[in-house]
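Two complexes are shown next, each including chain A; its partner changes from chain B in the first to chain C in the second.
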Partner chain A sequence: MSSADKTILSVKNVKKHFPIKEGVFQKVVGQVHAVDGVNFDIKEGETVGLVGESGCGKTTIGRCVAGLEALTEGNIYFDLPSDKIALLEDSEKQDDKKVSAEQIEEIGNSYDIGKIEGDLFNHYRRNCQMVFQDSFASLSPRQLVSDIVSRPLRVHNVCPENEVIPRTINLLEQVGLGAQHLYRFPHQFSGGQRQRISIARALALDPKLIVLDEPTSALDVSVQAQILNLLHDLQKKRGLAYLFITHNLSVIRHMADKIVVMYLGKVVEAGNTEDIFANPQHPYTKALLAASPDLQSEVTSGMAALDGAIPDPARPPQGCSFRTRCPVAQPECGWEVDDVVRRLEHKDSIFNFLKEVDQSDAFNAKFTFETEAAANQLMAAMKSDDIPDAMKKMVSKLNCDAEHVTVSFKPAKTVPLIACGNGSSARCVLVNK
Partner chain B sequence: MSPDTIYSSDSLSGDLIASVSDLKVYFQSKQGMVHSVDGVSFDIVDGEMMGLVGETGCGKSVTARAFMQLIQTPPGVLAGGSIHFKSQKQCKKCTGSGCDDCSNTGREIVDLLSLTERQIRELRGDRIAMIFQDPGKALNPGLTIRSQVAEVFQEHRESDVFERAGIADTMSGLTSYLLKQYVRQETNFITKLLLKFPPFSLARKKVDKAINGLVSDALAETQIPNANKIMERFPHELSGGMKQRVMIAQAIACNPDLLIADEPTTALDVTVQARVLDLIKDLQKRHKTSVLYISHDLSLVRRVCDRVAVMYAGKIVETGDAETIFINPKHPYTQGLIKALPSMTHERGKLEAIEGMVPELIEPKAGCRFASRCKQKKANCDKTDPELKAVSNKDKSHKVSCFLYE
Partner chain C sequence: MTQDSRTNSIVINGLNDSAFKVRLNRNLEIIQSVLANPTTVIGLVIVILMLMMALLAPVITEPNMPDPYQMPRDWQAARSAPLTPGHVLGTTNRGGDVYYGVVWGARTSLKLSLIVVCLTVVLGVTIGSIAGIVGGKVDEVLMRIVDVFLSIPELIFALAIAAILGPSFTNIILALVVVFWVKYARIMRAQVIRIKQRDYVDAARIMGDSKIQIYLKDILPNSFSPVMVQATLDMGNIVLVGATLSFIGLSEAGIAEWGVLVSEGQAGISAGRWWASTFPGLMVFLWALAFNLVGDGLRDVLDPRTETKR
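Moving on, here comes the complex of A and B:
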């Protein structure tokens, strides 16, 4: 892989928010922050793995990269020449005025997948393909395999009509099927074979990048091994780059060169596969690794698990988004009023007499109770062991005035991704300490 | 239905709680009979966690469903075999003193497959309970959590409900009749109306409170925080892990002797999966419940199970202690499965996949089912069925069905 250094895709500060609509007029009442500022690059012939729990935004990123979702904010550049990358990097440094706004716009117009049109857009579409998770849903049940696999060839007019079928057969042979499968319907195939058809379709236009969205989740281990081997062989032969999205850590460890771990729409850790598996920095990555069973690891070691659920992505926590479940949360992780509710709502009767909450921002709130006793109960709970010490340290104001309780926290900034050597980075206040 | 089979295998130590022998479940299809489960035999020891592993379509779920008579007939056909189950109940014939029918254990032994609908209903949810794969589909979306968990008590623990309500002794005549109707949810218009007014409404409220208490205890058992509030919610308001906890609460509400867990964590994230597994394991230890754990995930099964049976195309190919099977697998299929798991030691692109596909189970021919994919195939593999036999004389619990070890 001589051209391994060429960046094929750069994802820059991508945000994708979905509106929450309510009522007869479908008024927008909030935004689900599915993807909230994600950066990563994919180089030619490289596999980048995207891991995370369900709901962390990994599939949304995949769909954004494949051009299936319009971005809320940010840019995705495809096939950007290296001099243009340097220009963009210069422009990110605020003090550097060498790069003009026109230059940036010009780069956007010719490489940003959200802005390019015409031939440029066709070039991107031909070179970026996608394989979906559920091959039942992604192959049309009314089309023959020959139609499905040859469709990209026909749409992009890459060869004369009489060559379409021979090329289709060639594609099927590359994925381990053959001419005898041409005139069958998808339902006549097993799960593994259907996934092979999806891969053949993605290969049809000889792309540079394939987005693989959980390609083996629906398959058995023996078939999964076949598909993973096939994907690797194709990558070696054609110099493909993969964006490999999965929740299975052993699969990603086997397949990926680089890993991006996501949590609640944000990247929490990114780096080389070996580094992350050997020496995870972020507590979330550590918990994920501990929780996933492995045939190699000791049976006796217990499965460390995380408490609680993922917070509502429509109201992501300020500061570090993982701190609500983090076993090693620190004062500077940024605590807020919602944490009081999160921690105490499981205690019976504390919030039963709550009349109203006057919340000016995430860090200040005034709880009004129906009775004074209930207010005192909250005060007592705030001082009890239900509230972690790290959180108590950040309380700047806590007083009780009859049935009103005022709670204030010291404001905190969003935790940035901090570089921690050998090209990996983690979004945690504990890194490098 | 001779109960001798329950002590058929001399290789197992300890008491058996259930014994499946030569179970055959077929399904009628247009192309012919599908032999989904074709002569499966295994035992479950009291208090152990037995794992049943296999790939899609190997018949593991069908085996589990046969325990509860949940196979729809037709198209299903129970073609033979038996599932003997020993419940905590006293033997009806000898009332606990021990006789031939119960192999001198004093406990009732029944063949689950030959029970009538009414008899199996008594066992379902009470002595044998099941956790299903997808909690989103297994819970009724139209009922609150409270009423779904309460069903178990209403069906099996009527006396407990009255006892907890403190009206077990004082009930008489009409009150008793009405409340029983109420608990069994068999009320009609008139009884409903009567229960709305005193004196019956007072007793009804007590019963309601008792049921609520039982339900919230059951939910609290599965570490559901704030059980009293969760009770009033509908399934769609809960997360996947929470729904699975409700399912578990439902299953263990009556403290069953045998719990069948059919891929309980497949629909969950790894971190939640770890929690739910810890919970099942913990409950199993505390209540001394036996668990039949069904999964396709080998590494999970190795973590949680004491013994494992590996299934392939409707037959058990290997069975033994979990540790033995994973460290020293004998059957070529088990070996292939373990090697196919991606791991650190494999070079990329060099996973040892099992070539080929699972054979059609429609009217299968004689011979080893794995022969078409097996690398160590011999001449007689295509001709006769291998039998499940002990690998060596020393370790009789490790059995394999393969001609290589004969």
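Moving on, here comes the complex of A and C:
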């Protein structure tokens, strides 16, 4: 068991922001916070499941791990020896000055996939591969299966030329295909077979880790099960580690040893699969479980399924980002001026007359209306049932002066991931309360 | 060598054979669907006839020595009507044999269009690829240049350049190259930007292939279809524009070129000698039409998403 405990991938505070460009001059007008400070580890031979609704940044993390994206912030380390892991953990404790900046830099230069070069990077390339969601788009339509699957062997000169084709046949056999499929084009296969070809290509370099980005989401249910079983068998035979990305909770329960639940680019809950399914801590996880009909348990059966839209990832909410859809939101979740807009934007009688918003920060703003009546309506709405009680409690100032309305909230801190026993953690103010 | 490895190599040879067959089959399938369209077939038949005429010119006429691209002059038989013995399609008022001009004009047109298409495709694909791959400021500058070029009508632009360079066949080639490369640059840039986001390009990056290999193996082959379609259309357009420039007098007088012949025969039209202009004019029309029909047919098969031009 000790060798299986070796950490092969450490994702540390990874952020990936995409600039939003507008206009003729492509001016950067904002940043999509696709991934916003994510941490997790993958151990040798284990499956880490990454779940969350579409748009929460799962694919972006997968691409970062595969080395396709330059990180905005943070580090991804591959194959860190345990003493180096300890060193990094020491350095994260701010009061501990025992670890020098040079030591950290040295670790980065030999293990950080964004910094390593040459042979070290090649070593990483051979050890981390990816299988994409869209089996059609992931295979070049002009290449034969033989070219596609043998390509990694040729790129890395894994074997002499006369062994390439026998090895390619062997790879195809490992995924349930065979020599008779070598000389065909991808479009001559079914979706499930194409995904097998992708898997064969990913196996060619004998990697330790494969990123699987929704590998079965585009397939029929019966085919899905076959591919999942194949992945399971390959993992057992080869000791592969998977980063398994999906929005399907029953798939993740079947496949993953550990689960990382994401919401709006952040991890909201992480832990062992059984623990999370038996005892979800975060309201988002509970809602996700409630939304999967085949997975309802006593814990979640009373919980309403998720409603409302995901907030714009270019302007993620302060405090707890799930607050805007949370059925059990608390005062300390971090309410802000944007929540006023989110809650009341359907009220045309108010917002059709809005002239100007003078917002000094996320928590203070002055709304100016064209008419006094609209200003009064906003005042009334702020006191009505449209605004949850938890939010009302955090309003520190609410003034109406003719057509101006001033709104202020008590500032709130971001919610950290809190350990909740048995190794899981959740990002919610209710944990351990 | 063991029994095993020998069997393997036999298997490999057999399979490589089938790799060839599979590729051939796919190409045949494409050709089959191109031929399913009757208008394309009509275009293709005319194209083939034109090409045969161009290639067999020295066989079906006696080449005019020393330079067969110059019209032979038979001053005694000047202004003869078609079906005159020795001059099937008649002669011009300067004794040029119209039949010779029609046949060698095809050869001149093939030479012109092939040279121009090859140069413009190489130039346009290179510049478009650089813009699409490098992006940023480089892309912006290159595409502004392309926009400026595209904003001027083809014929007027070519005319202006050819006029500045002075009348000669080489200058017509130069003028046409300057005018015709921009479309390839724009097509290629759009294609490269589309294709480089494909998952198979990411897969190649993840397996660690080099940028050049990814360009050559993934991006270029998967971007090329619309370039091929445009090149086929341009085989026709170039001859049309080239003939127009020649007609205006920007080429060399006396060469066997359809535009030159039309202009040479023009003076006789009012006197009823229609043949000297009509036959070469008809050839230009048929050539341009045929390549456009084939190009449209190719587009329907290779690139079904783009709608037909205008």
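As a convention for this text, the second predicted complex is superposed on the first by the 422 of 433 C-alpha atoms of A that agree within 3 Å, B and C clash if a C-alpha of one lies under 4 Å from a C-alpha of the other, contacts with A are read in each partner's own complex, and residues count from 1 in each chain.
One rule holds in what follows: a residue touches a chain if its C-beta (ideal position, glycine included) is under 8 Å from a C-beta of that chain, and two chains touch if they have at least 3 such contacts.
All values reported here derive from a predicted model rather than from experimental measurement.
If you put the two complexes together on chain A, you find that chain B and chain C both fit without a clash. Looking at the shared chain after the overlay, A:His232 reaches chain B, while chain C stays out of its contact range. Shared-chain residue A:Arg194: touches no atom of chain B or chain C. Of the two partner chains placed by superposition, A:Lys58 touches none, neither chain B nor chain C. With both structures placed on the common chain, the touch criterion links A:Asp134 to chain C but leaves chain B unconnected. Touch criterion met: A:Glu345 reaches chain B, while chain C stays clear of it. With chain A used for the fit, chain A forms the apex of an angle whose arms reach the C-alpha centres of chain B and chain C; rounded to a multiple of 10, it measures 70°. After superposing the two complexes on their shared chain, the closest approach between C-alpha atoms of chain B and chain C is 11 Å. Residues common to the contacts of chain A with chain B and with chain C across the two structures: none.
Taken in their complex, chain A has these residues touching chain C: 63, 66-68, 122, 125-126, 128-130, 132, 134, 137-144, 146, 151-152, 155-156, 162, 165-166, 179, 182-185, 198, 201, 204-205.
Per the touch definition, chain B reaches chain A in the complex via residues 55-56, 225-226, 228, 239-242, 269-275, 277-278, 296-300, 302-303, 323, 326, 336-338, 340-346, 348-355, 357-358. Against chain B, the residues of chain A that register as touching in their complex are 53-54, 190-192, 220-226, 228-229, 232-233, 236, 247, 249-251, 253-255, 287-288, 290-296, 299, 302-306, 309, 345-348. Within the complex formed with chain A, the residues of chain C that make contact are 5, 8-9, 11-12, 15, 18-19, 21-23, 26, 198-200, 202-209, 213, 217-218, 221-222.
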